Amino acid sequence: MERSDRRPVSRLLHRWPAVRLTLLLATPLAWLLLVYVVALAALLVTAFWSTDSLSGEIDKSTWSLDNFRTLFENEVYRNVTLRTVGVAAAVTVIDVAIALPIAFYMAKMASPRARRWLVVAVLTPLWASYLVKAFAWRAVLSEGGLVEWAGGVLGIESPGYGLPAVIMTQAYIWLPYVILPIYAGLERVPNSLLEAAGDLGASNGRAVRTIVLPLLLPAIIAGTIFSFSLTLGDYITVNIVGGANQMLGNLVYVNAGAANNLPLAATIALVPIVIMLVYLAIVRRTGALENL
Amino acid sequence: MEPAIALSGVTKHFGDVRAVDGVDLEIADGEFFSMLGPSGSGKTTVLRLIAGFERPTGGTIRLSGTDVTGAAPFERDVNTVFQDYALFPHMSVLDNVAYGLRVRGVARRERRERALEALAMVRLPDVGDRRPTQLSGGQRQRIALARAIVVKPKVLLLDEPLGALDLKLREQMQVELKQLQRQLGITFVFVTHDQEEALTLSDRIAVFNEGRIVQLGTPRAIYEDPVSPYVASFVGTTNLFDDATSQRVLGVSGSHAIRPERLSLGPADATSNGTGDLVLRAKVVEVIYLGSANRVHVRLEDGTPVVVLEQSSGSLPAPEHRGDEVTVRFARADVVALAGDTEKSGDTQ
Amino acid sequence: AGCGDDEGDGSTEAVEELGELEGEVSILAWPGYVEDGSNDPNVDWVTPFEEETGCEVTSKVYGTSDEALNLAKSGDYDVIAASGDLSLRLIASDEAQAINTDLVPNYENVYDFLKDTEWNTVDGENYGVPHGYGANLLMYNKSAYDTPPTSWSAVFDPAEMEGVKGKVTAYDSPIYIADAALYLMNTQPDLGIENPYALDEDQLAAAVEVLKTQREYIGEYWSDYLKEISAFETGDSVVGTTWQVIVNNIKNKDVEAILPDEGATAWNDTWMLSSQAEHPNCAYKWMDYIISPEGNAAATMYFGEAPNSDEACQVSPEAEEHCKLFNAGDEEFSDKLWYWRTPIKECLDGRTDVECTDYAQWTEAWTEIKG
Amino acid sequence: MTFSTTTRRLLAVATGLVLLVMYVPLLVVVANSFNANQAMTWPPTDLTVEWWGKAADSAGVREAVWTSVQVALLATLIALVLGTLLGVALSRYSFFGRSSVNLLVILPIALPGVVTGIALANGFRAILGVDLSLWTIVVAHATFCIVTVFNNVQARLRRMGGNLEEASADLGAGVFMTFRLVTFPQLRSALLAGGLLAFALSFDEIIVTTFTAGGGAKTLPIWILENMFRPIQAPVVNVVAVMLIILSVVPIWLAQRLSGDTDALR
Amino acid sequence: MEPAIALSGVTKHFGDVRAVDGVDLEIADGEFFSMLGPSGSGKTTVLRLIAGFERPTGGTIRLSGTDVTGAAPFERDVNTVFQDYALFPHMSVLDNVAYGLRVRGVARRERRERALEALAMVRLPDVGDRRPTQLSGGQRQRIALARAIVVKPKVLLLDEPLGALDLKLREQMQVELKQLQRQLGITFVFVTHDQEEALTLSDRIAVFNEGRIVQLGTPRAIYEDPVSPYVASFVGTTNLFDDATSQRVLGVSGSHAIRPERLSLGPADATSNGTGDLVLRAKVVEVIYLGSANRVHVRLEDGTPVVVLEQSSGSLPAPEHRGDEVTVRFARADVVALAGDTEKSGDTQ
């Protein structure tokens, strides 16, 4: 076996799968742990500190639950949290509701050729800057803007700036991120299952409800992770079209980036962290996390 | 009585491909009907047309006399057992089986009972709580069957239901399928490309080629009176003699065929002994032990290769080794005259 | 001591003389303060500076004073353009070092009323040189009013806002609380507000109350001017605070701005030297350049604020025009202005019997106001 | 599967409508890039090509685009390497803590950007003591881009099964040769798909970038955000956006060409 | 001479599952060796142990006398033809075939030549430029074969290489495989669960059950002298008589088996006529037409079910319908006495 002598490393790796696994995992895990987990942990710790208001220095010597007290006792935070979760949920529901039929058409009805074009068509808007799109919606929704301009005859009125505008704009911006996983998920649902359902007497609607949707759930959830999390943390769209409203992202941003109160920002940031962790824990069993 | 299924002039084109090309077919109530043919010959497409998954390009389809050409699958009293089973992976076995009842609005309790009955019928009474992935191939196959029969369709369509099973299991399932069909009295339309399976199970067989039915008849008729070399060579092993060979060997013109089991081997010096049988000298090329028989490849004096199937029935001495001189004997009556070309289709590279 | 060898230790002693130029300088400023032609080749006052001094400029802009403080702490910047609400915070957190105005020859031209103010001078030490100044004006759309407003009550008095409900706008920063305080100073003298940046808890509560009421009528808050411009252009907003530069950029003829009777809050920006400056010598050069008549005129005209000297107003006919528009050097006008300061516990109005509310409290209050 | 013509038409119309709604705001952007009114009000009263000229002259745009391309390329590259390693590890081995690793990879994309942003910014400055720069953006972006590559790689490897790799070893190829000749070519379109998505995510990222960008590094979204504060520049932003949309056809087509299937576009 | 492959005491556990349980096995150079057994009996695992894809839990594996127990697949002079072919989809057929040469550093030119040679050997000289996806199942199978033989391994491992092919093609490939093996003189280790295939092709067969070899011998020995009811029923169809039945029917004690093809049917009034054959009265339960034969299920007077295989050799009258009274005749010599229990394993639900 003269060949073997030339491959000491290959042989070693073959002999010790654990070594192979360790080599594979070492770098990415170190990266994620050192860069991300440590940073998150540090943020959590920061939540127990406070800031000197004039100098902006963080006082690390005293640990207290003051920030948490502020968070829980001040009604504002509860309202903003509820508002934000509401907006994120609405965006997610709208996106899923829109994405399902589109993705279904793309995956199960369009010809392969049309399918390619549809995928491109859905993806292209991703490349127009997020900020530009948000501002474009400002023009669409403004007084005398596109909605009223075009809908004038029909008497359509723009909802103006406010939460509905935020929901519409966010739903618009994240829609491709929801369509894609659902489309991919639908492609994985064998046609024969739909046929079997029809064959057994289920109408198309029934087949979709009882067969496609349950099988698609992981893919749908994968899509919702995008739309929900991206909306949960957004503070820019709400600034642009949100009227006088603020969301959790604004509070975190204002305290961290502006008010220079990182401890309070960290405390507020725990809210979306906890929400997302709970959400992930719930959906984990569905296999959604492998469909992102 | 109206035939359970009647196709007249049914055609299905996919773009340029004529998957089904003018099929006329009547299948009687309670018949076990098989469609046999090479890959791509249109068997599945015919089935899908009957089930309603495809709409024909031309022609009409009638079920028990009613025109269903444009009807949706869920409007037809026909059920399908899919080749890949198409079990719903997110439902338990019981829910799978009960699905057809559920969409018909049958109450939960009755649903459960009837599903359990169907499971018992396919002899899997205890797997109701499992997921389809927790079953073996053979078990899944039976669940697919149970799911289809639970709604008591008039017609059951089966697309190579045994294709994925191993031989042993397959033989076992063949027996069960046949029994089930008899027991339920349902019309079975069965697609296979395994000729032995078709012969074993069917009341009638349609042999397909390139979207057309090339022969339609009982297993015996198909096997013993193939209308063309194509059918002869596709159904079972056969010795095909083209015109020239026939003249040389049999002394008659036209294409002819004779089945290996109709031939027997004798000692090199055997003669016809006045029986009227033909006795030809040959040399053994290869002996293949099949357990229940030997398949002996010989070469006649003029070089024509011939296959002889010798059942190990104990009475004949097992033919010896390659190179031995032997005689091949057969009755003239067993030679079948064929119409059509001698080109052997159905051969795959 | 020479310059540049004691950076980073937060020394507050101003240097005596300049050392060798480092060849580069890093600047943190409001948008439009440091233009090098990369956005518009016709708008460029950085290149002449670079050519003159050999100091290569890199710059970063910020959106609000609060964001600037955060960025300044990174220590990446040598010079910082700070508004009055930021400058004291920079000094308090040791991010700024005292400067020697003798090393900034153009300092002598600067209007006296901008020199040695509370937001650029602490304990007699100068922490920067004044750049330009402007007022937070009241802007409105004529077509929405029978009689155009003349007072801040247009945005604080519910009775006046009723007709324009949902179309009122306000500046999106805790510092805007001072605008309400200024209004209260005039309408509720009983509260005893002397300085809108020195509010005790009761006074703050009163201001917050005003703002919470106002919140009901607000269409949107603004912090970037594009939003403000488009809102007034389309009519989504019809009344609210503004900057002169915004007024100038609105084509809608019905929109105009005034300095209301009560006066107004305002900003005066200061170029400050970071205590962590790695290029202090180039930084001094920049400070001198940007308050020079040419540099200052170019920057303030582009941004839309009053320049810091008469000399700057005289560099060109356009500059003269500009200065008139922005009331440059008009002390009477300036007297009506309450320049942005950082609210601190120690009351800026000199009261010692109470503790005032600090910026952190204002920030919290602002969060609450917006709800 | 057959669907009634009505269903088909209904869904086709719905798809068309949604696409229309998806493109209308983009058309507004295009229109505004020619809108003489710099506040981008609708409808445009006068048309002008002034902004296109300004955009063409703007060195700032060019630099910002280049910075973004650099950041996105570097982040994508890192994500490709780390995502592939993780994908291989998780689809070819089962080990204790496997699902925790899976969750860990997803976390950076699942947690809102503002959280990731402040955590990383604080981590870089307070813990690691490094100055924010182009590199800190790259690190931040790479962190949340890993998951897109990881998911594509994992899905592909699962579909591919282990047989091809075994066949390669069986024919005499060592671990690395097998990766080079068999595994990698099989992964190529998955990597392209994951890489493309990673590139898109990074290229357009603003929130995390805001927190992790140092003074010298100005990505395009940051440039756009800054210029939104500069009224005179705002319409130029629209020109840039239009250019981006047009240019995006390049990577999308490239992906189609290289992979030959729509797989690469997910 | 050292055996090509020698396994001694080889065991492989997956967690609790004993996939392979103490296998001792020697395979001679140039032998066509088959492993036969039901699903899950450990055949594939043994193959993977030989190839080096798995490491044994215990025991040693030697190839031509060299201990390779811990060696990697790429260190072994053994090649595998995978059941799903495992062709590299991103390479042309030629590159696939040349792969083993490429990783050995053979120059491009020689690589090409030898790959073309191998393609010619599997009779697909012209498909080199295609992609594997552009080939039919049978063609892919041959390419997999060509890819494995191009590097001239001493041993070729084949894991159900014909499992995915349809019957017709499968028979054709069996012949070709056998020819190729003869031509190359390579040791073939062949996994199948198709007993007919094993009988047809092999020099020797190992029958597996639950990770163990239950019988090892020539096809004839396995078929005609099964050591246990398990082997008897797994290999071919058989009539199994347990002790009680044997006593009743045959008048002897112990388990016995007789192959259906050793039985023949006669008229109801036939007698043994002094031949010493046993002649038993029976009633026809079912006649299954197989084309080349009829499988007749009968029931003896005492109720014992018996299967008779009647070759359609033309001379015997085809047995008539269900319910007919017949006699079953067989020679005592064809009855095989079995050791072990009568429990029929190998049945899959």
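Some points to look at:
We call the chains A, B, C, D and E, going by the order they appear; numbering starts again at 1 in every chain.
As a convention for this text, a contact is a pair of C-beta atoms (placed from the backbone, for glycine too) under 8 Å apart; a residue touches a chain by one contact, two chains touch by 3 or more.
Molecules present, by chain and UniProt name: A, D = Putative spermidine/putrescine transport system permease protein; B, E = Putative spermidine/putrescine transport system ATP-binding protein.
Here the structure is a predicted model, which is why all the values come from computation and not from measurement.
Chains making contact with chain B as well as with chain D: A, E.
Touch-path distance (fewest steps) from chain A to chain D is 1.
Of the two chain pairs examined here, A-E and A-B, it is A-B that is joined by more C-beta pairs in contact. Annotation: 90 Å between the Cα-based centres of chain C and chain E. We define each chain's centre as the mean of its Cα atoms; on that basis chain A and chain C are separated by 37 Å.
Among the residues of chain B, those in touch with two or more other chains are 52-53, 72-73.
Contacts with at least two other chains are made by residues 3, 7, 10-11, 14, 135, 139, 142, 144-145, 195, 198, 204, 256-257 of chain A. Touching two or more other chains at once are residues 224, 226-227, 230, 234 of chain C.
In the complex of the two chains, the chain D residues touching chain C come out as 37-42, 54, 57-60, 63, 125, 131-132, 214-216, 218, 226-234, 236. Those residues of chain C that touch chain D in the complex are listed here as 26, 28, 31-32, 37-41, 43, 58-61, 63, 71, 74-77, 224-227, 229-230, 233-234, 245-246, 249-251. Against chain B, in their complex, chain E makes its touches with residues 38-39, 123-124, 136, 138-139, 163, 166-169, 171-172, 193-196, 199-200, 219-220, 223, 234-237, 259-262, 264, 288-293, 295, 309, 311-314, 330-331, 333-334, 346-349.
Of all residues in chain C, those touching chain A in their complex are 64, 66-67, 69-70, 73, 88-89, 92-94, 166, 172-174, 215, 218-221, 223-224, 226-227, 230-231, 234-236, 342, 344-345, 358-361, 363-364, 366-368, 370-371.
Taken in their complex, chain E has these residues touching chain A: 66, 70-77, 104.
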